[in-house]
Amino acid sequence: MILPVPAELISQMALDLKAHLARRGITEPRYIGIRTGGIWVAQALLKALNSEAPLGTLDVSFYRDDFSQNGLHPQVRPSELPFEIEGQHLVLIDDVLMSGRTIRAALNELFDYGRPASVTLVSLLDLDAAELPIRPDVVGATLSLKPSERVKLSGPAPLTLELQDLAL
Amino acid sequence: MTPTDAKRPLQLNDQGQLRHFLSLDGLRRELLTEILDTADSFLEVGARAVKKVPLLRGKTVCNVFFENSTRTRTTFEMAAQRLSADVITLNVSTSSASKGETLLDTLRNLEAMAADMFVVRHGDSGAAHFIAEHVCPQVAIINGGDGRHAHPTQGMLDMLTIRRHKGGFENLSVAIVGDILHSRVARSNMIALKTLGCKDIRVIAPKTLLPIGIEQYGVKVYTDMTQGLKDVDVVIMLRLQRERMSGGLLPSEGEFYRLFGLTTARLAGAKPDCIVMHPGPINRGVEIESAVADGPHSVILNQVTYGIAVRMAVLSMTMSGQTAQRQFEQENAQ
Amino acid sequence: MKLSILGARVIDPTSQLDQVTDLHLEAGKIVAIGAAPAGFTPTQTIDAKGLVAAPGLVDLNVALREPGYSRKGTIASETRAAAAGGVTSLCCPPHTKPVLDTSAVAELILDRAREAGNCKVFPIGALSKGLDGEQLAELIALRDAGCVAFGNGLNSFTNTRTLCRALEYAATFDLTVIFHSQDRDLAEGGIAHDGAMAAFRGLPGIPETAETVALARDLLLVEQSGVRAHFSQLTSARGVALIAQAQARGLKVTADVALYQLILTDEALVDFSSVYHVQPPLRTRADRDGLREAVKSGVVQAISSHHQPHERDAKLAPFGATEPGMSSVEVLLPLAMTLVEDGLLDLPTLLSRLSAGPADALRLPAGKLAVGSAADLVLFDPAASTLVGEKWHSKGDNCPFLGHCLPGAVRYTLVDGRISYEG
């Protein structure tokens, strides 16, 4: 399987996002990246959009649904949202969409800050393995992996994708 | 007593994570730093509109206080509630316990109610250890203060206060002043400062209020306030209890204040950006001058905020360690 | 009953006998060492090859807990535990309920001990009524009922003059007084030795001076009154040094230490384990070394168990809320053998500290292995080992050595020529 090049995906995603926001009439979106990969993707995206907008960072460790199985993630960092959530149009950005649970956690966390007007989901990759009814509004590429395969994003620059096989 | 499990410290699981939080003694620097880092994240939660996270939803935290304490109890309650846990508080006065139920029976009854975690405060040193050893190992035990021995969450919140206001520990001069002999806060602070790399830890007190062998904590002893406070970055004042006068340890509060009270004049000998801390409740005019307690150097009120965040960190890390241990044991059983 | 014990290494510290030979017992006495008397046919023979035969151990401090504390122990159970530890004669302290300050209590104890038949019991009577340190007990009545010495335990006399008068009274009748020197005020509230370990653990401390201040005073009062004095349960190096000084200037005082004080230190308190909560407390390594030296040199001529069995509940609480005391008589011989293993004492000296030494201190008819003396013996295998707890007779399992493997194993304990314990 040949992995796509993130930089190429980002340019196309920037165009798609601009179109999506225009269709919805959203003029002042608030950008939020999910730690850690989502932040890198968001930074690259904002650069491609030539945007100076502030970027919020979200750490979803406290909202995950697997605390009873796996405990607390060892590297919790604070979330930093330098803007109001109430009544805003959010653009939530992540690197890899798999089961959808991270997005579920992110949404729960965001709603504890306030009630957004809307949330647009942007993801670099969609692995088409959703366990929840969550679909991205803007996606870079959709991949199909074998059950034992995982894909990992490294960054922040250059952004590179790596395929890992857990069976090996 | 069996000469077996002495190797693995009681409060850690097989992977070195917290499964109980009994004392700061024997915890690695990395673990203490992890607590502080996790607490930082919870501080951020406390600054939001909705100050809750769902981490401990469905878990029951039982505050079992054998010693009265409004402050510690309420901060633990708040911490547990902000983690979405169900909280029960039991105020067991020592005399009623000694009339009937033994400590162990009280706890076994609570255990039967399927609590996941006990926060215990007790007048006997070693009480938290005893409970952790004899109560079901799946119940996490958090020490809310045991006799004179330890108050580990207070120690950590004091460290968080220092880190947030001073950045680090290595190049700091920290003075702890007052009744060291009877203070579990002092003991926990001394251990934490040493582990986190502070090289100049001072205790300032009259001989009657200093425990024998205190130098073994790695601290310098001063009996003179002016010398002890010279160029310090942090002053931690301890509470002086009224009972100390009757034991012949001190002639009067007045004399103590004259010699060891933190006044504006005395504070002038410390560094200009020195911070003043106190575990509370403060005795104005006994260990500290009102003007200092309310003044620009004082971070006493911040300590309370940090206390909630630290306790949230400790509760979640310990619950997490319990979960990890259960998983580990299940995997190994197969 | 005629019994022959063949081929044991017979050690009698008093006569300095140390020889592989035979022993012959009849009617409760030793009738021959070596060849059997003419016409002697034993009804029972014990093949004691490889075993050591020594005078039965004499333990000066074994709490039998009866009357009054039956949850902790009974005369039957604790004397059986003592026999398992190699003890044939023991002294029980006056801390019973009611206190051993009347002849009735002394008689009850002696009756029950006789019934149980495990060891000879020599009660210590209370020096003051109710052990309250205020009024003198009826020492002569107690003596006549069987008390061999008198003491107040750790309970102080309220008033030094009262104490002095009690000593003078005892001196009048040549009675021995046993001292547990501890200054009540200095020790008040303390539960562990006042040193770095207790400081770290936040445990209220009992300073060394609690022992030495009281010792110094007590030694001077002994000198003034001329009373026969035995100092029991010393814990500090400074303390035994004071005893040595007093002995050097001619004062005839004797002393004992608890066996566990020769082995454990306050470092054992690291995990707040209540099994190490004892009074007087475990002190530092330096103190332990001082005590060991004093036992070696003979300044301390007796080692006792300081046996204090407890029911489980008494020890199942945070350290400060537990009752002090260790259940230790059952391991007296094997635990003491560690002192030989360590090279501190040779076997005859150890046996002296466990038999002749204690017997001499209180003038007890015990501790001797000679023709004509009572056949109170312990036969043990110095090459075997004891797994502590495999069999346990004491009602109290508050013993830190449970599960440990100790050197030596008691095979037979004999009292008046009758086997009271077979291991």
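The letters A, B and C name the chains in turn, as written, and every chain counts its residues from 1.
We take it that a contact is a pair of C-beta atoms (placed from the backbone, for glycine too) under 8 Å apart; a residue touches a chain by one contact, two chains touch by 3 or more.
Predicted model, so just to flag it, every value in this text is computed and none were measured.
The interface with the greater count of contacting C-beta pairs, when B-C is set against A-B, is B-C. When chain centres are taken as C-alpha averages, the shortest distance to the whole-protein C-alpha average belongs to B. Per-chain CA centroids place chain A at a distance of 76 Å from chain C. Remark: chain B and chain C have CA centroids separated by 44 Å (rounded to whole angstrom). Here the CA centre of chain A is 39 Å from the CA centre of chain B. Those residues of chain A that touch chain B in the shared complex are 59, 61-63, 67-72, 74-80, 108-109, 112-114. Taken together, the chain C residues at the contact with chain B in this complex read 194-205, 207, 271-275, 313, 316-321, 400, 402-404.
Contact residues on chain B toward chain A in their complex (touch as defined above): 17, 34, 37-38, 40-41, 43-45, 48-50, 52-56, 316-317, 319-321, 323-324, 327. Residue ranges of chain B in contact with chain C, taken from their complex: 1-3, 6, 10, 25, 102-104, 122, 124-127, 129-130, 134, 146-150, 184, 187, 211-214, 216-217.
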